[in-house]
Every structure is written in C-alpha cells, then in structure tokens.
Amino acid sequence: MESTPPLIEAAGLAKHFGGIFAVDHLDLAVHEGELVGLIGPNGSGKTTTINLLTGHLKIDGGHVRVRGQTVAGLPASGFAGLGVGRTFQITQLFSRMSVIENMLVPGLARPGAHKAHVIREARRHLEFLGLAALEKLAAKNLSGGQQKLLELGRALMLEPKILFLDEPFAGVNPYLRDEIIRFVQTLHSEGRTFVIVDHDLDAIQRLVHRLVVMSRGRKIADGPLAAVRENQDVIKAYSGT
Amino acid sequence: MRRLDLASAALLAILAVIFPFFVNAYWLHVMIIGMMFAIMAASWSLLAGYAGQFSFGHMGFVAVGGYTAGLLATGLNLPLPLGMLAGVLLSALLGGVIGWTCLRMSGPYLAIFTMAFSEVLRIIIVTEVEVTGGAGGMNVPQLFHARTDLPYYYLILALLMVSVGGMMAVVASRWGLFFRAIRENEQAAAAAGVKVTRFRIIAFAIASSLAGLAGAFYAPYIGILTPDVASQDQMGLVVAMAIVGGMESLPGAVAGAIVVEFLVEALRSYGQWRLVLFGALLLFTMRFARNGLIAPGWLRLRNLAAPRGARLAKEAAD
Amino acid sequence: MLQYFLIQAANGLVIGILFALIATGLTIIFSILKIVNFAHGEIYMVGGYFGYYVITLLGVPPFPAVLVAMALTFLFSIAVERGLLTPLYSPRIERKADYGILVTFGLSVFLRNIAIIIFGPFPLRPPSFITGDLVLGGLIISYDRLVAAGGGLLLLGALIWFLNRTVWGQALNAVSQSRESASIVGINSERMYMLAFGLGGALAGGAGALIAPIYSLSPSMGLVPDTQAFVIVILGGLGSVSGTIIAALLLGLSENLFIAFLPDPSRGPSYANAFGLAIMMLVLLFRPTGIFGRQHVAME
C-alpha cells in the first residue's frame, strides 16, 4: 500500500489568521480505502484543515498533494473535479432548488456528463439515502436530518474518491446517527475513502480504523484507534491542561 | 402544462406579428419601446434574478451599445449594422471584464461597484462633449428609410424573440442550474464542482451583451442618444419592470416591461405623477409581493386550468 | 496661485466635513441593520427641504432650523424603517441583502420623483446663516461655509459622544457587533434598528439643511452625495465611524485639489466625481473591506 502515493496528502500545511496559526505545519497522509477520524478539542483546527484540503481556504504554507500531484492554488471547484468531496458543518444546500436539482448540480458540473445518465444516478443515490420520495420538494422544506443526508448525496454525485465529512453527527438524533454510520460503512465497503471530523467520539469509534488527533493546530496523535485512545497527550488535550 | 405554455407562446407570437395592423403609429412606437425595454429587463433579470448578481450598471452597457453604434456610424462612416454588432461585442467584452473584476464582491458591494461603473461612464459621456455630444445628445443615422416604423417593429420583435428565447434556453440548460446554484450558495456550488468564476463572468457577458443590443437598437431608432440612458432613474425603471414582472421569470420581465411601458404612456397626461406611481409600485411590489405581480398571477391562472390534484402538486413545486 | 489652492483646500475641507456627516449616517445604518441604504442621498435631500420649509413656513430662524430639520428627518426615517424595512428582521424572508438593496433603491427613485412634485423642479435656496465672507489673509471663505463646517463638526462631536458615552449609543455599539448577544443582555433589537436608521437619516438630513444655503436645494441633489457617501464608507470601511470621518475629509480635500490641479477647467468639476468613484472601484477591487474596515461582516 505504501508504493502508491496517498490519495490526499498535507505536507507542512499552515494557515494563519492574524497572528494565530489555525493549522500549524500539519503533515497528514490519507491512503485509498482508509476510514480516518479527525478529532480534537474545539479550536484545534479540524475544520480549517478540511477547508484547506478541499480548496475552500488559501494555504499560507506547505503543500497539498492529490495522488502525488501538488495542487497549488486550486479552487474548491477544482478539488471537486479531482474527486474530493465534502460536507459542511452547517448544511449548505441550494435551499430554493428541489432535492433532485441539488443532486443534478454536481452531476452536470462534471465534464462530459450526460443528462439522462446523471438523473438516473441521482435517483439511485436518493434511493440509497431514503430520500427518493422527496425528489421534487424544495431543499429548504426538508427536515434537518434529511438535509444532512441530501448534502451527503450531493457529495456522492461527484463520484468522489475521498469524502471529508465535517461534523456529520452534530445535532443529529440517535436513529439518524445510526443511519449515517450505516451509510458510511456501506459506501466505504464500496471502495470510498473517508475522513470524518466530529465531536461525537462514540460514533467515531464505531466507524473508524485510524484516528488523528489535533490540538491547537497541530497533530498530536495519528494511528490505530486503540493506540490513540490510550495516548496520554490526547487525554491531556481533551482535559484542557 | 407545457402544452398550455407553448400554445400561449404561439398565440402571443401571432398576436405580436399582426399587432401593427391594428394600432396607430403612436402605439406602435410605444410597443417598440416596450419591447426594447423588455430585452433590458429580461437580461437584467437573468443576471440578478437567476445568477444572483445585483448589478446596477446594466444601463451603462446599454449606453456602450448605443454610443458605439452611433460613434462608428457617424465618426467612421461604418454601416450601421456593423456598428451595432460592434456595440454588442464591446458590451459583451466589457461585461465579462466587469464580471471578472467583481468576482470577490457580492451583494451591496457588487451593486455599488456596478453603480459606480455606470456613473463613471455617464460622466465621461457628458464631459467629452466634442466626441459624444455631451448632455445635448448625439445624432445617430436611421437604420431603415421607410415612412413608418414597421421595419423597426419587426426587427425589435425578432431581436426580442431571439434574445429571450436564447436566455430561456440557457436557463433551462445546465448553465441555468449552475447560475441558480451560485445564487443560492456560492460556497456549496464550488464544493459541487461548479466553476463559479467562469459562470459569473458568463452571466455578466450574456446580460451585458443583450443590454448593448438594446442600446444599439435604441440609437438609430430614436435617432438621438443622450447620456440619460445610463442614469440611475432609467436603471430604476428597468428594475421596476423586472420586479413587477417577476424576478425569476424571463417572460415575466418581458411582460413587466411592456405593461409598465404602456402604463407610462397611458398615464402621460399625469406627467410627473407617473414616475411617482412607478416608484410606489416598485416599493409596494418589493414589500408585499416579492415574486412580482405578473408572473405569479400567470402561474395561478395556469394552475387553475389543471385538475385539482395536479394543481396542488404544482403549487407545492412552484 | 497659492491663494487658489488654499481656497480649494478650504472648500474641500468644508465639503469633507459635510460628507462625513452623511457617510457616518450611512455607516451607522450599515453597522446596525446590515444593509446599504441606497436612499441615503434622498434622505439628505429631504432633510434639506425640511430645513427650507421650517424657515420659510414656520419662521424658525436658520440656526435652530437645522435642528428642527434633523428632528423631522429622524421621524421621517423611522417611518421609512417601520414601513419598508421590517421584513428584514423576520426570519421568513429569504435573501435579506437583496431585499435591502432593492427596496432602498426603489425608495430612492420614489423619493426623487415625488420630490419633484411636492417641491417643484426648480432649485430653492433658504436664507443664509450669516451673509458675507470671511477674509483671512489670502483666504476668502463664505460665512455660510464656515457655519456649515462648524455645525458639521459639532454634530460629529455630538455623535461620537453619543455613541461612546450614552446608554443608547453603547447599546447601538453592542447590536452592531452581535445582535444575539445584545438581545441576551436585554437590548431590544427592533428599537435599536429604528434608532439607527433614524439617527443615520437625521445626520444626513442635518447635512442637507447645513448645505442648503450654499448650494441650494433640488430634488436630484441626493444623487451625487449618494455615490460619494458610498465612496467614503468603502474607503473608510463599512462600519467604522472614525474611518469614515477620516476618509470623508480626505475625499473632500482630494477631489477639490484634483479640480485645482487639472489643467482643463471645463472638465475639472465633472471629472472630480468620476475620480472619487474610480478610487472607490479600485479600493473595492483590492480591499473590499475598505482601508480601515473590519473584516467584512457577512450579510444574511
């Protein structure tokens, strides 16, 4: 597995706001097929890292490499084109567009996309997520949970190799939480790579194999779930010392 | 429902073609002006309503189209159609440039910037009197040498149908989807792979080229072009037309323009009160009927024709 | 020669102070209501006319007339806010920024045109505050200009005192930074919105009443100050009162000096406005938050 370059890689990644480093020289490599959890106390830079790795924020230092190729200055739409999908902490939907239209946007944004094919694919994903019956409803009329699922569906339309999920379990009822876990597991078994940021350590533990912990912009632990759980630094970071 | 839409469109087209034979020269003129405004209102609606870019510089592009056509015709003795084409192309180019410069701006910043652009243009036209004739205006030769305005009428009708038809095709295509996605949530659109930069520029280029087209028609038709065409009051009129017609409906904007223009003429005897009325109408519509007056009215009429179950489903989806 | 520049500079400062009044009003409205008031120039115009009619119809002497005009403009602005802007506060409406733009733009068109009917299209000029000119060495400046500048400075000072030293002012500051936190502390947001819009309008109206004897009143007099106010708040930073004041003074000075320096006298005055607009466009291009501005507050 080490012979092929990582699917996505951050090398010395840095981002500062004012005088503070939100992300402080981060090295992170995610290989194809992994299911990685990214956790850390509030303000540790997790969401900023995702934004940097998906083109939503400009990098102040270091590199991002996708399959070994450095992607300098690539906008978010470029990352999407490379198969890097993401969801947002606060669901960002096209509120006044219908559910199916939300799905068609990324589908048709791919070069050479054929409309009939994209519609079929969109319906397939909606079916998978249990949203098929809501196809014609405006996205803003969906429940909070349904909106989260729609956002996931929208990311799936990119045929992503890797999916960054930013707090998918935030404010979600236990039933939906289990649903999301099942969806992620199914999608992972189909060969997709995941990086999940969340505070719900219970859900994370049920899902991931590898855990990366950040604190104050830096990576303080990175390894198999069991090992990281015992890591003293991690425990200290969470207890605020 | 599409059949009803197509049928009504066909009916309207037929009515439009035979219209000149039922009215006198005065009302023909009013209709011509109305259709010209319709192109301006519909293209503004595309940019602001569909793509979400509230540009108050639209009339600046009308001026670019008109003055380019006029200057090339009078100054370089270029045949007018060529001058008009040049006007359209220059407007498209300038529109794309403005769209590109505005990329980091949104909402009120974009509005202010485009308003400033239009004002600067207007000031230059007013000040450079030797070139443009200043506030007194610039004479532009006629396009047709006919006794009536009939050729102008059919020309603007053709231009209107082509431009609105073209815009509707764009809106129905994936480009329309991308415009709306950008309007709804630019960040999400980028995350979904939409090349936001490219499409914002395209939206500006399309809208301003059509504004330039309207200006290029206006110049020879009226025969005299003044810098007022780029004034904020004119912009306000076009905005009112688009809003009354329905911000997210291209046919609505066309209807709004024609209705408002006819009202402007019909109420001519009230003089200044007309403009007050339109200002009030604009405010009222904005405040209480944000989706416009004409387009929602039409939708309701159309839905009445459908069986009840389908009607409810339609209303949920609309 | 030097005398010419001095006079231009002095005029520039006077204009700058009055622009500062207008622009500060705009920036306060933006800070609290989070909208750009495209009708601000028209409120300035309305204030000017209020001043004129208060003097001619009610016989109020010119100096107090300014204050009465400001009070009337304050009430007028609140009426506008209640009538047109309340949808901004309800969660129901989407795309608030668009609504704010369109409704204030529509208001400006409406006010400009109804002013022509009510006040007539011909310029009106209220009586001078103090007739005559001050001659100081090589500098000649009319007393009206001095009064306008002085009045403007007084009002700006009063405003700054109000914002920093009174409960209402501090409440406004709180709301401008965070509505939610302000309401938790018990500040009634809706009342603050009314106050902010009224205050912003009153400042513009005061400027209108102060400037009227100098430049006279006309229904479209709000157009230029409108765009100039935008230039100033963009330069000074939307939401920053001190930045706005500094930018206003700079703009007034530089535009007048621009006229002075431009060799072609016929083009000077009209291009002066274009100059300011072009500067603003450049600033928007490179620093959308203005030279002194805070991080751009996202609009809902």
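Order as written gives the chain letters A, B and C; numbering starts at 1 within each chain.
Note that in this section contacts are C-beta pairs under 8 Å (C-beta built on N, C-alpha and C of every residue); 3 or more make two chains touch, one makes a residue touch a chain.
Note that this is a predicted model, so its numbers are computed, not measured.
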Query raised in the report: Which is the least count of steps on a path of touching chains running from chain B to chain C?
Result: 1
Query raised in the report: Among all chains, which one's averaged Cα position is nearest the averaged Cα position of every protein chain shown?
Result: B
Query raised in the report: Counting only C-alpha atoms to place each centre, which chain is farthest from chain C?
Result: A
Query - Chain pair whose interface holds the most contacting C-beta pairs - result: B-C
Report task. List the centre-to-centre spacing of chain B and chain C in whole Å, with centres computed as mean CA coordinates. Result -> 32
Requested in this report: Could you grab the centroid distance between chain A and chain B? Build each centroid from C-alpha atoms only and quote it in angstrom.
Outcome: 42
Query raised in the report: Between chain A and chain C, what is the gap in Å from one C-alpha centre to the other?
Result: 47
Query raised in the report: For chain A, what residues touch not just one other chain but two or more?
Result: 95-96
Query raised in the report: Can you name the residues of chain B that touch chain C in the complex?
Result: 52, 54, 56, 101, 104-105, 107-109, 111-113, 115-117, 119-120, 123-124, 126-127, 232-233, 236, 239-240, 243, 272-273, 275-276, 278-280, 282-283, 286-287, 290
Query raised in the report: Which of the residues in chain B come into contact with chain A in the complex?
Result: 174, 177-178, 180-181, 184-185, 187-197, 316-317
Query - Complex contact set, residues of chain C against chain B - result: 35-36, 38, 83-84, 87, 93, 97-103, 105-114, 116-117, 223, 227, 230-231, 234, 267, 270-271, 273-274, 277-278, 280-281, 284-285, 288, 299
Report task. Would you pull the chain A residues touching chain B in the complex into a rising list? Result -> 54-56, 75-77, 80-81, 85-86, 88, 92-98, 101, 104-106, 108-110, 113, 115, 136-137, 154-155, 157-158
